[in-house]
Amino acid sequence: MLRSLSLGAVLFATWLLLSGFYDDPLLLGLGVVSTVLVVYIAHRMDVIDHEGHPVQLSFGGVMYWPWLLWEIVKSNIGVAKVILSPSMPATPVFFKIKSSQKTDLGRTIYANSITLTPGTITVAIDGEDFLIHALTREGAKGVMSGKMDRKVSRLEAPSETPA
Amino acid sequence: MEINFLGHYNYWVVIFLMMTGFYVVIARPNLVKKLIGLNIFQISVFLLYISMGKVDGGSAPILAEGIKIFSNPLPHVLILTAIVVGVATTALGLALVVRIKEAYGTIEDDEIQAMEEEMEP
Amino acid sequence: MTTTLLDVISWAFLLIGGASVIIGTLGILRLPDVYTRMHAASITDTLGAGMIVAGLAIQGGFSLVSAKLFLIFVFLLFTSPVSTHALAKAALTAGVTPAGTDRKSGKGAEAP
Amino acid sequence: MFGAVAAALLVAMGMAIIRALKGPTVFDRILSVNTFGTKTVLLIAVIGFLQKRPDFLDIALVYALINFITTIAVLKFFEFSHLGTPIGEEEAEDL
Amino acid sequence: MNIIDVVLLAMMVITALAVVRMRNLFAAVMLLGIFSLLSASLYALLDAVDVAFTEAAVGAGISTVLMLGTLALTGEREKKPHRPAWLPLVVVVVTGAALLYGTFDMPLYGDPNDPIHKHVADRYIERSGQEVGTPNIVTSVLASYRGFDTLGEVTVIFTAGVGVLALLGRGALSRRRRLNKEDDR
Amino acid sequence: MKRKPVLRVSTKLLTPFILLFALYVQFHGDYGPGGGFQAGVIFASAFILYSLVFGLETAQRVLPAAIRRILLGSGVLIYAGTGIASILMGGNFLNYSVLAHDPLSGQHLGIMLIEFGVGTTVFAAMVIIFFTFAGQYRRGGPDGN
């Protein structure tokens, strides 16, 4: 119930961000109606749970996102170098790692973070085993160092609900 | 007759695209391919209309402060509905293709025709 | 004065963005197989899109336009890894053999 | 300046079309259509600024959304050969 | 601006020709998706934002998904055509030439004095603000001035939905099973 | 259902926002690009995404066949009903000026109603078409790819 309410609040905020009409009672009313309708449909679809609406992560996320963005910029430069150099020193490699997250949500965040940084892609997930493809050995080493893994686990940790 | 070559380039490309779609429709026996060709034809017709509605120096037909020249909204209205109707009819066509595949086991129109001729000597 | 400064910053962003879009697509053309090409595609999705959107947002100023640009960026950031992951998974399942792969750490990382 | 970005995007779109034509596997084509979609999103945003009416960014947003759904649908088609089953049930062995 | 226009059109031509050549229907559908994306960029460039919006939602998304759904049921390879292709080619070239000849009488592209802009469109642009009161002229023409027309379009969509249900829906499915059994006997 | 966490979690996250965006497009068609046609399609694509990831059966439970068919018809009825209402109020068919106390707000109300009708029908038609196609099963063996 609490999650439905907070999803509703987030949705209404999105509506205001999209709409740009703040003095029209009709549109604001329609915004409320739309929010309620969407929350009802989401409830029917059973997508409001700790995975579908992770409010618990909002505080940790503030710290995590900027770090991730910086990582993305760094690895972008690395991949661009590979593409632009005439000999293309790509040493593609498949490897497996174990992730330390407890929930599917944490694993999703970790997998998506790996994929989002160019140079590494999460190809498959089986439980806590990730199969990863890296463009270069350095990229592979970067993932295997486990720094991102620890960060995501820390992000996930305060919300350790039994899944 | 004075011919302005650059004044019509848009229409010419559109006619070329239209004929490409037309060719696919009449030359290819595969029914799904025919529908793909029909879609190309459709999009080129849309483009023809939209090009006609363009006014040099005009802007999107949504009223706002300080904008005087607008492109013609009428083709936009016609095409807007035509796109959605187009996808609905495409869906109907695809449903027919699925049924034809079930009934005849093939979606090549020459094979279907051969089967029909066999059935009615 | 501040407007010129902002203009210069946004132009720099736009230029970097445009350049990285081209580099990314060049990678899609040059690299040897699907898996490596995906890395190149994600340059376009992250740095290219991010920089162009940031440049445009500076031009748009503090307004609804920037808010929508921000939404577009967030949306791309959410969806692009998901589709890349799904694509890689599908390619692996279909048995597309990766080019020039050496199997490091060799814990049965071969494609099924 | 917007013109330069638009030009860069157009060049990149052309290169993506080449990849879509060459293939060689279907996944290359899917990848190029997907990245083509991203470029279209950006191009439409830039066109809005070029025409000095940047308040129509909803179009770009729709593209980003639809592109995602199309990619998922295409991949599902390839993995299961039809669209009805839920993801994750028909796989005998994951990974 | 014109250059973007020309480049987009050129890419559309390349894509269309590639669709003709592709034997693999799946690849053809993917290229059709690219074709639709290109056309939508072009709509946005030609000021038709509403149309670009619709094409974005419909052309690139739904129709690709539906085509794939059909391919999943019918197979994705096109057989090599074995009848001669010169007759269709002649028909196409003749038709195209006639249409090209027709364009010479058309008003110039983008000319504000085209006859098309001089009759009803002017009135919509000038008066819809006072008469209907919505900033988006396309919406006011669509929903108010030409509301009757749009009612027809909605009915067509309704009919298409009913038609698909009648052809492939659950009721139709059991009927088909029965028919197939009779065929087997 | 425990597998493919990435797709499952992302879909759960995104679906409500897609639905909300569709409704935003529906109700802001007067001010910018958008309207019933587009909104219906976007709303339907949220359901398409949902059924792609969670399966057709689940999606059909969320939106049962009866509701789909009622929605399909009711959109056209809302549209035509608005026309009839304007006749009853003393105007012509689909002349909304008589629907409220002054012509402008009447037009506004009328446009909003018929756009809603359009959106409903388009949504229902697209969902029905997709569900019907996805519900078909391949008869013969796989063609391979």
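Residue numbering begins at 1 within each chain, and the chains themselves are lettered A, B, C, D, E and F in the order written.
To be clear about the criterion, contacts are C-beta pairs under 8 Å (C-beta built on N, C-alpha and C of every residue); 3 or more make two chains touch, one makes a residue touch a chain.
A quick note: this is a predicted structure, and the numbers were derived from the prediction, not measured.
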item	value
Co-neighbours of chain D and chain B - touch as defined	E, F
Chain pair with the greatest number of C-beta contact pairs	B-E
Chain whose Cα centroid lies nearest the overall Cα centroid	D
Approximate Å spacing (C-alpha centroids) for the pair chain C, chain F	32
CA centroid of chain C to CA centroid of chain D, Å	12
Whole-Å separation of chain centres (CA-atom averages), chain A against chain F	29
For chain C, residues that touch 2 or more chains besides their own	24, 26, 38, 64, 68, 71, 79-82, 85-86, 89, 94
Contacts with 2+ other chains: residues of chain D	7, 26, 30, 51, 55-56, 58-59, 61-62, 65-69, 72-73, 78, 81-83, 91, 94-95
Junction residues of chain B - those touching two or more other chains	59-60, 62, 64, 80-81, 83-84, 88, 91, 94-95, 98, 102
Residue numbers on chain D that touch chain E, as the complex places them	6-7, 10, 13-14, 17, 20-21, 23, 26, 29-30, 33, 36-37, 40, 43-44, 47-48, 50-51, 56, 58-59, 62-63, 66-67, 69-70, 73-74, 77, 81-83
Complex contact set, residues of chain E against chain B	5-6, 9-10, 12-13, 16-17, 19-20, 25, 28-29, 32, 35-36, 39, 42-43, 46-51, 54-55, 58-59, 62-63, 66-67, 69-71, 73-75, 78-79, 81-83, 85, 88-89, 91-93, 95-96, 99-100, 103-104, 106, 108-112, 114, 116-117, 120-121, 124-125, 128-129, 135-138, 141-142, 146, 149-150, 153, 156-157, 160-161, 163-164, 167-168, 176
Touching residues on chain C, where the partner in the complex is chain D	11, 14-15, 17-19, 21-22, 24-26, 28-29, 34, 37-38, 41, 44-45, 48-49, 52-53, 55-56, 59-60, 64-65, 68-69, 71-72, 75-76, 79-80, 82-83, 86-87, 89-91, 93-94, 96, 112
Complex contact set, residues of chain D against chain B	51-53, 56
Contacting residues of chain F [partner chain B, same complex]	31-33, 37, 41, 122, 125, 129, 132-133, 136, 139
